[in-house]
Structure formats: structure tokens, C-alpha cells
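Let me give you the structure first, and then I'll get to my questions.
Per-chain residue numbering starts at 1, and chain names A, B, C, D, E and F are given in the order in which the chains are listed.
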Amino acid sequence: MTVVELEELLEQLAPAALKLGNDPIGRCIGSPQTTINKIGVALDATVAVISQCVEQGINVLVTHHPLIYSPLTRLDQTSGFPESAVVAAVKADITVLSAHTNWDCAFGGINDVLADILELTDCQPIEVTQGSVVRNTGIGRIGKLKSPIEEAAFLQLVESRLNITVRCSEPRKRLVQTIAVCGGAGEGLYSSVRDRADVYLTSDVRHHMFVAAYGENCTLWDAGHRETEIPGTKHLGTLLSQHLDIPVVWINEPSI
Amino acid sequence: MTVVELEELLEQLAPAALKLGNDPIGRCIGSPQTTINKIGVALDATVAVISQCVEQGINVLVTHHPLIYSPLTRLDQTSGFPESAVVAAVKADITVLSAHTNWDCAFGGINDVLADILELTDCQPIEVTQGSVVRNTGIGRIGKLKSPIEEAAFLQLVESRLNITVRCSEPRKRLVQTIAVCGGAGEGLYSSVRDRADVYLTSDVRHHMFVAAYGENCTLWDAGHRETEIPGTKHLGTLLSQHLDIPVVWINEPSI
Amino acid sequence: MTVVELEELLEQLAPAALKLGNDPIGRCIGSPQTTINKIGVALDATVAVISQCVEQGINVLVTHHPLIYSPLTRLDQTSGFPESAVVAAVKADITVLSAHTNWDCAFGGINDVLADILELTDCQPIEVTQGSVVRNTGIGRIGKLKSPIEEAAFLQLVESRLNITVRCSEPRKRLVQTIAVCGGAGEGLYSSVRDRADVYLTSDVRHHMFVAAYGENCTLWDAGHRETEIPGTKHLGTLLSQHLDIPVVWINEPSI
Amino acid sequence: MTVVELEELLEQLAPAALKLGNDPIGRCIGSPQTTINKIGVALDATVAVISQCVEQGINVLVTHHPLIYSPLTRLDQTSGFPESAVVAAVKADITVLSAHTNWDCAFGGINDVLADILELTDCQPIEVTQGSVVRNTGIGRIGKLKSPIEEAAFLQLVESRLNITVRCSEPRKRLVQTIAVCGGAGEGLYSSVRDRADVYLTSDVRHHMFVAAYGENCTLWDAGHRETEIPGTKHLGTLLSQHLDIPVVWINEPSI
Amino acid sequence: MTVVELEELLEQLAPAALKLGNDPIGRCIGSPQTTINKIGVALDATVAVISQCVEQGINVLVTHHPLIYSPLTRLDQTSGFPESAVVAAVKADITVLSAHTNWDCAFGGINDVLADILELTDCQPIEVTQGSVVRNTGIGRIGKLKSPIEEAAFLQLVESRLNITVRCSEPRKRLVQTIAVCGGAGEGLYSSVRDRADVYLTSDVRHHMFVAAYGENCTLWDAGHRETEIPGTKHLGTLLSQHLDIPVVWINEPSI
Amino acid sequence: MTVVELEELLEQLAPAALKLGNDPIGRCIGSPQTTINKIGVALDATVAVISQCVEQGINVLVTHHPLIYSPLTRLDQTSGFPESAVVAAVKADITVLSAHTNWDCAFGGINDVLADILELTDCQPIEVTQGSVVRNTGIGRIGKLKSPIEEAAFLQLVESRLNITVRCSEPRKRLVQTIAVCGGAGEGLYSSVRDRADVYLTSDVRHHMFVAAYGENCTLWDAGHRETEIPGTKHLGTLLSQHLDIPVVWINEPSI
């Protein structure tokens, strides 16, 4: 099986038309005609992840985040990420592809997995992808808990399900039921959910957005970038494994 | 005493020439000839903070963050922050000024206070402010601990001094001594300290910067935006109080 | 009755789709759910006009010109228009809306009123609004006098009907019949009427446009900005009055 | 005498370094080595002015306003000004030069002549030309009348000296003494003189600037573009005549 | 017959909708109502070509390349091309029009003529003109030789048919059959034909494009700008001659 | 010896301050601390040149043209130059540096070598590099032949010395003596030498520049990009060889 066939499968699972803006999704290292031995799936193509690929005989790596996000004018493996990882991948003949905002938006992608974990029902995208002809989907999900629960109880549920300490204001004494989620950096969608949700769960929230949310009905929670995206990225690996006769392995990102 | 005299004092403490880029520091609501009754100092001019000013007879508010960061084309108090707070301040005749990146960079400002709390010595700015004729200062500080200590021990020290759970990788078994700090959002300076410090403490760190720091010698820590800026902002209030015969009070930002 | 209902009525009379470029029409001060007591109509929301509103118990002001034309980064009531008027309106709880180029272009708007005063017939827009799905309208009007008259006689008619001294070249000895009009600043449309009209009546004409018109068949006349727009703006007030049960009053712009 | 020698004389009288922005001053038609027979001076190089040159044996025309203000991609003499005039000048072998904002700013130029006519003393430029090494000059003039006079009386004086009906608000009952002037289109300088002058006299004032001046101490008057610039342009002709042995004639711009 | 009628004929032969980018095709000197005496056709409107027009009683010149490519702010006949030629044309009352990229793309235009000379069959445009509603055409042509021939033999054929020394790498020992051509400067299309043609024949090829083609299957040849465009430009003259009762003459561009 | 030491030597020979615009000179592949075994010098880092390096045990390649001219977002070795060459260099651990417009401008660089070959004396740069503090140098050279010779004879001399067929107009019967040269693509400098030289020798001349030169005193010749730059690039290799104890070899660019 060749890389171009894998690209076709990814197009079905996470159609490129769903990506946001100029997100450089897809293959950034390697060639379409390469034969695949074994597939690795990870959040980021760090040097440590590339080393894992080499050790495990993996020659194609699918990541959530694109490895070459800003165009490169120099390749010096001693000057840090991502140059170091680009050089490592090229030298090890590892093809690198990413399914990023297209997988965030896709049916069954990052955000649907996150909504499932929190047992949200009747989910809709927060914002429908502009110009998308690929059915009615988009970024983030907004859905309902089976029944209203105390904000503090829901906080506990989130922290336990995602195994994270949420960064937020002190929970208010009130019931919440309509929940918005966006795995990864989603503070830009706050104004879009402000009048529609009781809680908005995302990550990479900067101070000025917390300030904007003070006193609003919709509480803003930062639940961690890795923690909100790893479940959906692992799920992509599971899907690939189900569709292909090639071994697919999850590579945990070494954090040191 | 009038607002224009307060502006002159702020210019001495936090010279406008030190600000970064087009940061809209200074007076954004009110007039220079207003007579000051009482001064409030806060991190942000939220609606709740403005209410506190009204309750406490404060008519001039000095904040760290500028209230009008993006120019406004509409003022509808029901459409959220900052419009709601702008309308509240105008209606309550409260003058609002900010000392933001000029106070971050100033001698004795946000970053010097932060370095003092961590007992760093021989501090230098991480980057000298371009075109600054105001002596040799700039953004962030890089200094040394009296003696090398275990990374895990330093982490414990930071968490206890700033009363925060730091977001970071698991501490490595090693000694650290050279520490860089930048109160508030400072991830953009990581490349500048990468080869000069053992630990870089800042806030509002997004996932892609944590990834860039994986495996580098310099560990990246997110210690909270509020937690790294409140000490320096409170200190500005103390300085104003020492220079003026007018009451100056700290207004804690209600987080709900 | 609330402001949002007034906005819906204005949308019928002067559809937003007709506006030119990025004209910041609509509500710039105040909130949609405000209950209307009394409506004022004026050309501009100057401080003196806002004072009139306060005196007359008006809490909603509809003007032709937008009050916040350029986005604001500071609100100091001592630094002149429009800041002074914005602060005055906010403090007096006066909602301010404008119908500007959408009302210039609309059926029965500024330019149709102007054409009626000059008794033009068979009027067409000078330029159809790009992308407008709202029937066949646009900016300016070009129409015919019942019969040809001497240019000097038509000049006299204009000056007497609009009560203005027109700025123009000395009238030529000839008959004129096809007349183009554009209330307010309309010099940019001269090239569009140059070969279609005998006289083009507009205002805010600068020297270089008079020079461009020297020797051309189409004479260019400056008939005053206020004088060509007040009739149509007053007419908007009349229409509001006819549609609503709320008192609507015209506020003459004090010129000092 | 050749055109290049005339260019050197103009550089002394109206140094190019004084021009504002990208003003396309200088020679726009013709060649430096052309021998000058007779010089014409006019406000604009219209077709009628070019015809006058031909009739009077003039082969070099000096105007205040540049003939080619916007770059040309087509030369069709039937499509109006300035193409018509460019073609006429080329066919008649007439060299065209302009001294525009450099002459507005120069010592003894447009604005000094205007200030002299109104008997202003102690004149300073309104704004000093950025980066000008040519002594201390700039655009506009601000000076004092010998003694304070009634605003209405000064209005009458202006109208009689410049032979124009000024466009302005009704004169207020008060004395005026500090007067700012800017020949030609000068509304952009209003904010610069707002707190320094009692009256600001310029031309090409559009409605929104009149609105900005309502209620301010500094009254804004529109005294006509031609009327405020012709005296200074004629004076340039007089100076050329004094420095050269070649006949120099003033060509009045036919207004039809 | 007037110029506007010639413009209508050119619109049929080389529709403006086919032009690429902002190419300033069409009339750049002269007026639509001019009566045509005699038409000249040339590659460029140089001063020498204009002189030829004068000598031969030609008052309308059709060229392939636009005379005013960059807008002009000055017309000094001593400062070189194109100013010299613009002044010459204006003074000689010669109307100048061009059919440039619209004629490159048109059916029967520059590239079809070039493909005919090389006996290519089944020709398609290299790239279809974006948004063109004028049937299925575009820039360049890609077609097939009747049967495969040695690369060296085809090189010899091109050099003999176009009377030019081709700039290229040494011919490889192999058969070629699919040939792409683009008269004039066409290096930008190389990536578009790289995987579709054996040889790409164009002109104005710069070094970096030759480098990009080293080792690729598709050989890049520079066959001269004049040599690849003169046949198609002459052919336009022939077509004009067939459609009109006015004499049409080809003016060879003097090369000195 | 390490790469950083070679970079220091190149800085002396071809100072970075001399480069034109944003030319991406310097190291584009590899790290400063790499130990150098053997140096290759070539015009371009093509795949074939990289292969030569591998065969000859070269691990550092100095080229005239930068390998990564436009930033890269993808590295697919099957998608042509430069991606193919970047991947080849990374995989073969070859460091790539370039001295481009800095070497064009430098004393003893590309253009001085070219001027020497043609025996020009009293050479000056055509244009001095803006802001260069590195003595008085710049791009191109203009100098004199010992004595005037026939244009045709000089053409013959150039063709024989550089071993190239020059693309140009037919030589005029006249003597030439002042000669301007610019190795590589230099048509942009024609207007700068138009009135100063009899012949301007450069390469990559496109048709519109040949047209601009028709009839001018200064004849424009295209002598080939490779042919005008190879001598100066080889000379750089010679200089490196003289300064270093490491073997330096010239790699001829295979043209197929």
C-alpha cells in the first residue's frame, strides 16, 4: 500500500474542504508513491516521536499538528523544533502527514470524540465550515447533558474524565446543561457560544479571554490542549487500523 | 491634583518610550484636567471593578491592561466586555489609564517584582526595548538563583511563592540556576532564552510552544497570567501611594 | 416599542444592502432592547444636538451621518468632535443610529427627495448599487426637466428652491434639460454623468474636480452639503412619524 | 536659456525638499534641454490655458497644480481632463512644470502671500515640513492681526480683500486676533490649529469638517480654492520675471 | 472606417476576456472616433516603428506588446522608451492599440500559429484562462507530433522553421512526441507542463528555470521572444487585411 | 575546521552587508559546528551536484545561487528542484551555503572577475550598495577598454573569451570603449548605464528590455547567465583553497 492510498483514506475521514483558513494539512515530508510498512499516530512530530518511529520500524507518521507550520528557509538540525524534527524525518525516510483542523471539524473527529466523553447529546458544530460542501459540519460542538447538574459537579466530571486540573473561575452555584466544547486552542469561538452555552470547554485560553468572560452567563474553562485532543487523535489511529491491513500504533509524546 | 499630573508621575515610573509595538497605553477614558479624588489600581477595568470604584468613591482607575485594546465602532453596554465596561466608566465619570508593557519593562516594574519574589540576582532584561533612550531596560528578566537547586525543588518554590499550580513537563533530575521570567503572556520570548536559561517562567503558553520546548535545555513553565502580574501591579499602587497625598486602593478583580 | 423594532423599520425604508463600501451605518451607541420614549432626527449627532435631545426628552436619535465614522481608541470629552458627542450620548443614555448611504440610495431617500424638489422626471440612479438585490436602485439620480430652460434660469431656480448660493462657473448661454443630482459629497460621480447630463448638482466639490469639468458639456455645481441633504433627512423623520405611535421631532443643527 | 536652468531657479524659490508626501511636482511634459522662448504662469494647465500659450508664443508653462497627478495608462484627447491637456501640450511642444506644495510651504510662497494680504504679523508655519533641512518652514501660516477686531468685521475684510463669499457659520459676537491660513485644500490642518487660532481660513472644506468645528473656539472658514491660491501663484510669476530676461505672462484660467 | 470599429473587430479575433491579469491591452493612444487611413502591424511601437508609420501614411498602429505598460507620470521624449515613442505617436496623430495576452490565448492566435508551424496536432491550451466564457481556450498549447522523433532531430526542425539558435541543454538520446509551446515569455508555465510534455518551447527563460528543469523528463528550450511571436503577430495583420477594405502593412521592427 | 569558521571567512570575502534586498544568502542546510572534510564549489546545488559531492567525499558545498530561495512548506523529493536537492543534501549530511549578491558586489567577486577577463580598467560599481559601510563597492562594473575598438570586434572578443554566442542586435559601425558588465541577471541596471556606457553586457535579458534599448547609444548584450558567472564562482573556490588547509574542488554543473 502506498502513501497516496492513505491520503485518499484520510480525505474520506477528514476531508480537506473542512480545514480552516490556510492550515497546511496533509503530507509535508515524503512522496506519494512510497510503500507503507507501518503507521505511527501522534499529536506532534517531535524528534522524540521520530526516534520512536525508527525504533519501531514505522515509515509513515500521521500527526494531528502539521510539522511545517511556517515555511522554512533553513534546515539546521541544531536550531530547535521544527527544523530538528524535519531533518530527522528526512534522514530516516519517514513520511509525515497531518489531519489538523479538517479532523477537528470532521464527523467523528476530535470534537465529536470529546463530546462523547462528556456524554453530550444533540450536538451541533459551533460554527459551520464556510463553503463546505461536505455535509453540515464545522468547528467545535455544542450539545446538552442528559439533565442539568451543578456547575461544580460538572467541573469534577470533566477533571476526572480528562484527567486534568481545569483552569477557571470558582464554580458558581447554579445548574448547567448546555455545554460547548472545542478541543485544542478555541478561545476565538467564545463570542460565538457566549449566549448559547452555560459552559465552554477549550484550551490555550489567554488572560484577556478569561477577562472577557467574567460576569457572562457562559463560563470559560481551559482543560488543556493535549488532554482535549489526544482522545480524538487516538481515535483516528483506531479508524485507520480498522480500514487497513497495515499495523497502526499510537506513539505517546514524550514530554521531556 | 489633576489627571495630567498623575500622567506625568506615571511617565516617570513607566516611561511611554518603553512600551512594545503599538500598545495603547495611557488614558483611554476621561480628560487631563479632571481633579482626582481617589485612585483605584487593578489588573483589568472590568464592569465589576468599575462598580467597586463607584462604591468606594474612586474617580480615577489605573490598570495594567488597556481597556480599549482594539478601536471601537459601537458602544452597546449589553454586548459584553470591553463595551460594557467602557459605558460603565463613561457614565460614572471614571477616568481610566493603563501602564502596560511600559510597566512590564520599567525599572522596578512587573518583571523586576517577579524576579525579586523568586530571589533572582544579577538580573538583565531578556530583550532590550528597541529605540529606548531610557537607560538600559526592556522586557522580561534573566537572573541567577543564589545557588543551583534541583528543578523539582525550584518548581515547588515557584508554586508556593506565587500560589499557583504550574503547567509544565515533569521536572527533570538536574540542577537549575539561571532563570528567565516574563510576567503575563511571554511565550514569544522563548527562542530568546532557549540557550541562556535553565527555566523560563511565563504564562499564556500555548501548546505549540510547549512542543517547541520539548527536549531543549530550557524548560518552559506556565505560571498563570494573573499570578505573575498581580504582584507588580500592586507594587505600582504602592509607589503611587508613596508619591501622592491622594488615597490609592487596590481593587481585587472579582473572578465571577 | 424597542430600538430593535425601529431598526427593523429603518431596514425597510433604507435597506443596509444599499450602503456604499464600509459605511458604518446603523446603531453606534445603545442597545437593542432599550424602550423608545421619543425620537429625534438630525443631520449630525453634535454635542448641541444631544443637548437638544436631553431638553426635549428624546432618548433615541436618528442621524444621516454616522457618529463614529473612524473607530475610537480614546474617549476624552474635551478633545472635540466626535468624542465629545459620544460621551454626551452615553452619559445621557441616548441611543444613536444612522441611515447614511443606504438612505442616499433608497427609494424615496435623500436623492429622490432632491429630484422631486427640482421637479425632475423619469429619474434613474446615477450608479446602481453593486450586488444590491433590493430592486433597481443606487446612488444619485439623473432625470429630465419638463422642458429645456436657459442654464441661468435653472441656476436661479436651484438657488431659490434650496436657499443657497451655488458655487459654479458663470452660466453659459444654452438650454439645459437633463439634470443629475447627488445630495452630499458627490464629486466622485462626475465622470459617470459627464456624457449623460447637462448639469450635475452636488456638494463638497473640490478645486480639482471643478478643473476637470472646465469646458465639458456637463456643468458642475456645488449646492451645499447641508442644503442638499436636509430635505431628505427631514423626510425620513416624516416617514418614521407616519409608521410609529411615538413622537418624532426634527432637530435643527445649531451652526455655532 | 534652457528648461534645466529654470528648474534650478524654481529649486531656489520653492525647494523640492519642502513638498508634502508624494506630490508629483516639477516637470511633467518636456525635456531639460529645451530653449525657453516665453514663460506662462497659471493655476492649472487646462486645454484653454494651453491654447492661450500657443496664441501668445509661450513654450514653457509653470502651474501651481501638477498636470499629471495620477499616472496615465491611456492618452485619448477626447476623454476629458487631464488627458486632453496632456495631448494638447505634447502636440504644441509646450513644456509643463509645477510648483505645488513646495511653493505652498516656501518662504514668500502661497501662504506667505495670503498672510500678507490679511496683514498678519509674527507668522509661523502651521506645521513644519518633516525632515526639511531648508530652514524652518512648512505648510500654512498662523499669525496675529495688529489688534483684535470683531469676527464679523474680519469676515468682511476677508471677503473684500479676496473678492469671495466665505462659506461659514454665522459670525459670533466676539473679538478675534490670531488667524491661521492655508491656501487651497487645508481642512486636514484644522485639528492642528483648533486650540491655537480664533479663525482658520482655508478652502475645499467638506461638511464633516464643518461639523467637527461646530462649537469649537476656532471658527472654520472656506474662502475658495482659486481665490486663496491665485495671489501666491501670480507672485511666483513676478519673481520669475525679476530673475529672468525672458518674458513671463500670467494666464487667467478661463472658467468655462 | 473609425477606430471604434477596428476595436470591435479585434474584440472578435482576440476577446478582452481572454487577457491574463491586468494586462493593459487595447487602445493606449488616440480616440475611438478617428477615421482610419491605413493600418500598421508590428511587434512593438518603438520610435523607429512610429517613423515608419509616418513615412507610409499609416495613422493606426496595432502592436502585440502594449506601448504604455506601466502608468506614466512624465512625458520627456529624451528619456528613452516608452516615453519617446508615446510623444512621437501623439505628435504624429497615430492611434496605438495592442492585442497582447488576449491574442496569445485566442483561437488562431500567437500560440496556435506557433503550433501549426511545428505541425502539432490535437492541441489543447496549457492553462485555460480563468473565468473565460469565450469557449475553451487559454495560454500556450500542448500537442503531439505525427510520430515520435529523436530530440536532436526535433531541435534541428525548430531551429530551421523559426530561424533561431535555441538555448538549451545538449539534446538527450531519446524520442520525443508531446510538445508544449508558449510564444514569448513563458517560463512560468514550466511546472504546468513538467509531467505532461517531452519538450517545452518558449522564450525569455532565465537561469533559475533552466536549473529547475535539469534532470526532468521535460526539456526546456528558449527559442527567442521575437522568433516565437512574429509569426502570430503577422497573422493578425493578415486577418485584419482579410476583414477590412483598408490597407494593412507589416512593419518589421528595426533592430538597431 | 568547522562550518562557522568557513562562514567567517566568507564574511570577509563577501560581506553580508553587500547583499541586495532580501537575498537569502548564507547557510541553508546544516549546522555551524559541523567539521569540514572537503569543500565543493558550484553554481547551483542541483541533485547531480549533490551526487558529485557524495562521490567525492565532500561534506560542505558552497554555491553561488541560494538553494532555498522561496521558503518551503513541503519536502517531497519526487516533486522537482529544489525540494529534490534539499532532501538529497539533508540525507547525505551535506552542509550548503551560498555567496550570491554579496559575492556579485564584493571586491574581487563575480563582476571584478568578469571585468578582468574583458581587460577593463578604472572600474567602478554600476550602483553602490545602499547603506554599505564596507568600503565603496556595489553591483556591476563599468570600466574602459585600453583603446576604442569596433563594436563588431569587441563582440568577437567577448564571444571568444566567454565561449558563448551573444544575443544582441547586429553590431553598429562605430567604436566602443566604455563597457558595463553585470554577471547573471542584470537587465534592471540598463537605465543606470544607458547614458554612461557604449555596451552593457549581462544575461537573462527579456524582450522588453531589448526593445527599451533599441536606438539608444548603449547597446545591450545577453552573454549567458552561466558563462558570466562561472569564472567568478570558480575564483571564489580558488580563494577558499588559498585560505584553507582543506581540499576545495570545483564541481561542474551537469547540464542534463
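FYI, a residue touches a chain if its C-beta (ideal position, glycine included) is under 8 Å from a C-beta of that chain, and two chains touch if they have at least 3 such contacts.
Note that the coordinates shown come from a computational prediction; the quantities given were computed from them, not determined experimentally.
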| Neighbouring chains shared between subunit A and subunit C, ordered by label | B
| field | Labels of chains that are neighbours to subunit A and to subunit E | value | F
| request: Can you check how far apart subunit A and subunit B are, centre to centre, with Cα atoms defining each centre and the answer in Å? | output: 31
| task | Indicate the whole-number Å distance between the mean C-alpha point of subunit D and the mean C-alpha point of subunit E. | result | 48
| field | Length of the line joining the C-alpha centres of subunit A and subunit D, rounded to whole Å | value | 64
| CA centre of subunit B versus CA centre of subunit F: separation in Å? | 52
| said: Which chains make up the ring, listed in order from subunit B with subunit C immediately after it? | reply: B, C, D, E, F, A
| query | Which residues of subunit B touch subunit A in the complex? | reply | 44, 46-48, 65, 69, 80-82, 165, 167, 169-170, 172, 184-185, 191, 194, 203-204, 206-208, 210-212, 214-216, 224-226, 253-256
| message | Quick check: in the complex, which residue numbers of subunit A touch subunit F? | response | 24, 27-33, 68, 70-79, 86-87, 90-91
